[in-house]
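One structure follows; several queries about it will come next.
Note that the chains are named A, B, C and D in the order they appear, and that numbering of residues resets to 1 at the start of each chain.
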Amino acid sequence: MHIGFIGLGNMGAPMAHNLLKAGHQLSVFDLNAAAVEHLVGAGALPVDTPTAIAQGNAELIITMLPAAPHVKSVYLGESGLIVNSRPGVMLIDCSTIDPHSAREVAKAAAEHGNPMLDAPVSGGTGGAAAGTLTFMVGGSDADFERAQPILAAMGKNIVHCGAAGNGQVAKVANNMLLGISMIGVAEAMALGVALGMDAKTLAGVINTSSGRCWSSDTYNPFPGVLDNVPASRGYSGGFGSDLMLKDLGLATEAAKQVRQPVILGALAQQLYQSFSAQGHGGLDFSAIINQYRKDT
Amino acid sequence: MHIGFIGLGNMGAPMAHNLLKAGHQLSVFDLNAAAVEHLVGAGALPVDTPTAIAQGNAELIITMLPAAPHVKSVYLGESGLIVNSRPGVMLIDCSTIDPHSAREVAKAAAEHGNPMLDAPVSGGTGGAAAGTLTFMVGGSDADFERAQPILAAMGKNIVHCGAAGNGQVAKVANNMLLGISMIGVAEAMALGVALGMDAKTLAGVINTSSGRCWSSDTYNPFPGVLDNVPASRGYSGGFGSDLMLKDLGLATEAAKQVRQPVILGALAQQLYQSFSAQGHGGLDFSAIINQYRKDT
Amino acid sequence: MHIGFIGLGNMGAPMAHNLLKAGHQLSVFDLNAAAVEHLVGAGALPVDTPTAIAQGNAELIITMLPAAPHVKSVYLGESGLIVNSRPGVMLIDCSTIDPHSAREVAKAAAEHGNPMLDAPVSGGTGGAAAGTLTFMVGGSDADFERAQPILAAMGKNIVHCGAAGNGQVAKVANNMLLGISMIGVAEAMALGVALGMDAKTLAGVINTSSGRCWSSDTYNPFPGVLDNVPASRGYSGGFGSDLMLKDLGLATEAAKQVRQPVILGALAQQLYQSFSAQGHGGLDFSAIINQYRKDT
Amino acid sequence: MHIGFIGLGNMGAPMAHNLLKAGHQLSVFDLNAAAVEHLVGAGALPVDTPTAIAQGNAELIITMLPAAPHVKSVYLGESGLIVNSRPGVMLIDCSTIDPHSAREVAKAAAEHGNPMLDAPVSGGTGGAAAGTLTFMVGGSDADFERAQPILAAMGKNIVHCGAAGNGQVAKVANNMLLGISMIGVAEAMALGVALGMDAKTLAGVINTSSGRCWSSDTYNPFPGVLDNVPASRGYSGGFGSDLMLKDLGLATEAAKQVRQPVILGALAQQLYQSFSAQGHGGLDFSAIINQYRKDT
């Protein structure tokens, strides 16, 4: 299939590569010329503007952008993807943005006759390269069915979350819980160790008890408890604290719009904001445990 | 073996029954005469005071009491278990108390020549009846080895957590994380549903993503997501909110003694305190989600 | 002076009246025809659109609008106040919005040759009617001097807070502190009373000690401590909880933009969000104490 | 009058000096021999034990001790002040402890026929030296009347807070509010400055608006806003962060005993606990603003 792809950053570039590998024809755009060249070297066709991608022959257009303002700017307005696409061309936004904005764009697409899905991902740059991303997808049943084979070229777990915007809802809810859990594990591990317990032994108890969670059994923040996690390599790699901060900001913002209290979620946001303000935003988000350990 | 057992409440009574079933001889004490009679009906020997149990022939004494003041009062002082026991008699306290008090009592026992273990449990009254409790045990390797067969008559998972007091440390750290996780799941589920998502679908996403945790995949607080959990029967049964409040109080108190910050832990304590002050302390602790749902 | 006035709501209408009383000529606009008629009855000239006000003869235009999107929509774009005003006409926005938006609009005004001030108020509808508002003003020294006599017709305390946007900064910082203080007083009063102390006696101690603050000595949330405050008339009148919630939202949003942690501020926002979600958003913001009192 | 005085630390020593200056006869005890000598040099009589003070001729005994365990140990038990005092001798405890313990001791005193007051102070070592302390007094009207002239020799503001324990209630409630207010001011000042405002200008607005409070107008934590406060001399002197941490611990503990939620209070405690764990417990409590300022 001829696919347009806009946004060739750390996530978008490997996703586009996987589409090429799966045999699709790709027209690509990014503001960064080097990123475009890299994809062209792998067989993609460079296009000068998002508008030109919309005006071309692509049957489906995928976007992977940093935040809601970029998404609105690329999709909406006179030079936007929507008004410049042929009706029927499917639009898939893989950016992580707030559900409200996702629904606003999807509504504009529907009015122009373009099926649209919001399909934010989890799995990080590693998952993007390996083609093992999870896609959380919002949109109609029919559109989801149609898009699934395309998404399956880039990910392993393609989950239909309901109507437009619900992909973003699922991501924002899951990641808020993730931020809370990680800080919870950090506090529990730091407390146990401060009270004289061995970290591995404590993690062992937690992982077979009611405190069990992904942040403890798969991504433990205490150094040395697990191999091959950021905590055991100086908190490099992984999912950056500033990315967690962004997602917690989306969660509290979405909560504000529906007057839904998220008390621990808001506190988690502030704790990551404090961590970031201290200059640690580039460390993996499990490094938040350093705020709780006296010897660090 | 001849075992003394003190404290025949909701947890202690079924634990004592399981020891009888395993063929042990039991001398029992409780302030509640009916509780004693019930055990006597099953073959136990009634004893008038804890002191008399210590002065008897039991080779091992187990206590299951409500809080630290009861434990100190039963073990310490002139009529306490320690000074009235023969040196060598093993003492096992299964109460959930703060690590500091547990260590104070263990030290007094050691000085009198009595091996002692702190062995708080998890698994609730159901686990106590079925003999499937988890024991988190603090004490020496040798004492742990010696006690294991006895504990195995009452539980399934017997974990050695390190030196004296570490059983309490493990329990307090795990349960603090549990309280945080449960509120985190409550906030995430309530937020997702308020933003338009189906609760079961959202739980499905979380349970296969990085937000995965026991509070979501095994004990989900949203009604109808899981069968056979308190959320699906009006929050009856299970682990009461007031018990969670007690454990969070132990966690923040233990943290205070070592000047260890537990920010989400302290907030979780206050949220359960607020829930309890509203008169809901008897509901299962997953009912905290009602604080977040507009329609409840 | 001939003044244009846009936004004749609960605050704007009495402010406009005071300008008429001070002898100014007023051209007014509001979407609500009844609000316009009321001012016309007092001598104002009705104008059909904000654009027409800009294109008229007013030497100065004042706006009093609900939120940033309204402000941007009225000031910016092709039909906005800025491009349709003669250069030199002064623009004063009295709305409470985020500092970032205020600066964006002020910059556009400057580029078109229009001096602009952000001048949010405090003092409520009572202060607006009595002409005793406080104005927190951001803009140049010269512009502040020029605007002062006009603002003095509507308020008593006209404070220059520095360059453009700083009026909003001052308001957002003060009101975030106000929200925190009010909840702090609520917790302290409720705790003292729960521990057996008389509310008036406790307030007396606090008001002469280091806990002294406006929320205690001027606006105490405990019923019966002060006369003539919302707490002593069922929390009616005053400054609504939903307005406090809005201001706390502005504070955390502004903090997010500069990655500044506001931990108690964010928690205060969530506590008001919870209060509002329970249906109490219309009560005075001191009613938050009801969340802490068992007998209410 | 012949007065017994136990506890000659940073606060107790200058208080005892002021009693001597007022012409009273003093029998003193402290574990620290140098502290005793110092008072003896000023005319006091040294006594070997608290018990001996009780057994002497003092008509009134004052204690100023670090925490509840010291108070209980000095007052209760066989060698305690209560059983060893003649009935009718008045006992005044100026220590800051939890209301529950204060009431327990007062009850024991009453049973032995000794009138007792809890009379914690505020005003710091400066106020103790200058004789300008505030005393928050719990006890009967008659006992308060009788003690007032004695307390007036050490303080300026002697407030009757109600029955036994209420002096502690007032102190604990006021100081919890103080801790919350100080962090609130720190967040508001740091936020305003991060958004581009001058600190003195912002404090000026707050101090004449609804955010006005002692922590801002009398003890502002931002360096340079006020002269003669710890913030303007590197946070030395003043009221130490560890003392604030102790008082917040008393507040949350007292709240726990009556199941009273104190959400901001508990969070303030954790923030000071974190500050102390970082090694800053010796700095004045206004230094908490350093947790919020990027350049510090």
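In this section, contacts are C-beta pairs under 8 Å (C-beta built on N, C-alpha and C of every residue); 3 or more make two chains touch, one makes a residue touch a chain.
Quantities reported herein were computed from a predicted structural model and do not represent experimental measurements.
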| item | value |
| --- | --- |
| Between the pairs B-D and A-D, the one where more C-beta pairs touch | B-D |
| Chain at maximum distance from subunit D, centres defined as averaged CA atoms | A |
| Separation of mean Cα positions, subunit D and subunit A [Å, integer] | 52 |
| Whole-Å gap separating subunit B and subunit D, where each centre is the average of the chain's CA atoms | 38 |
| Per-residue multi-chain contacts in subunit B, two or more chains | 255, 260-263, 267, 271, 274, 277, 291, 294 |
| Chain contact topology (line, ring, star, complete or other) | complete |
| Residue ranges of subunit C touching subunit A (in the complex, touch as defined) | 249, 252-253, 255-256, 259-263, 266-267, 269-271, 273-274, 276-277 |
| Residues of subunit C defined as touching subunit B within the complex | 267, 274, 277, 291, 294 |
| Interface residues, subunit C side, partner subunit D - complex | 99, 122, 134, 136, 157, 159, 161-163, 165-166, 169-170, 172-178, 180-181, 183-185, 187-192, 194-198, 201-202, 204-206, 208-216, 218-219, 251, 254-255, 258, 260-265, 267-268, 271, 291-292, 294 |
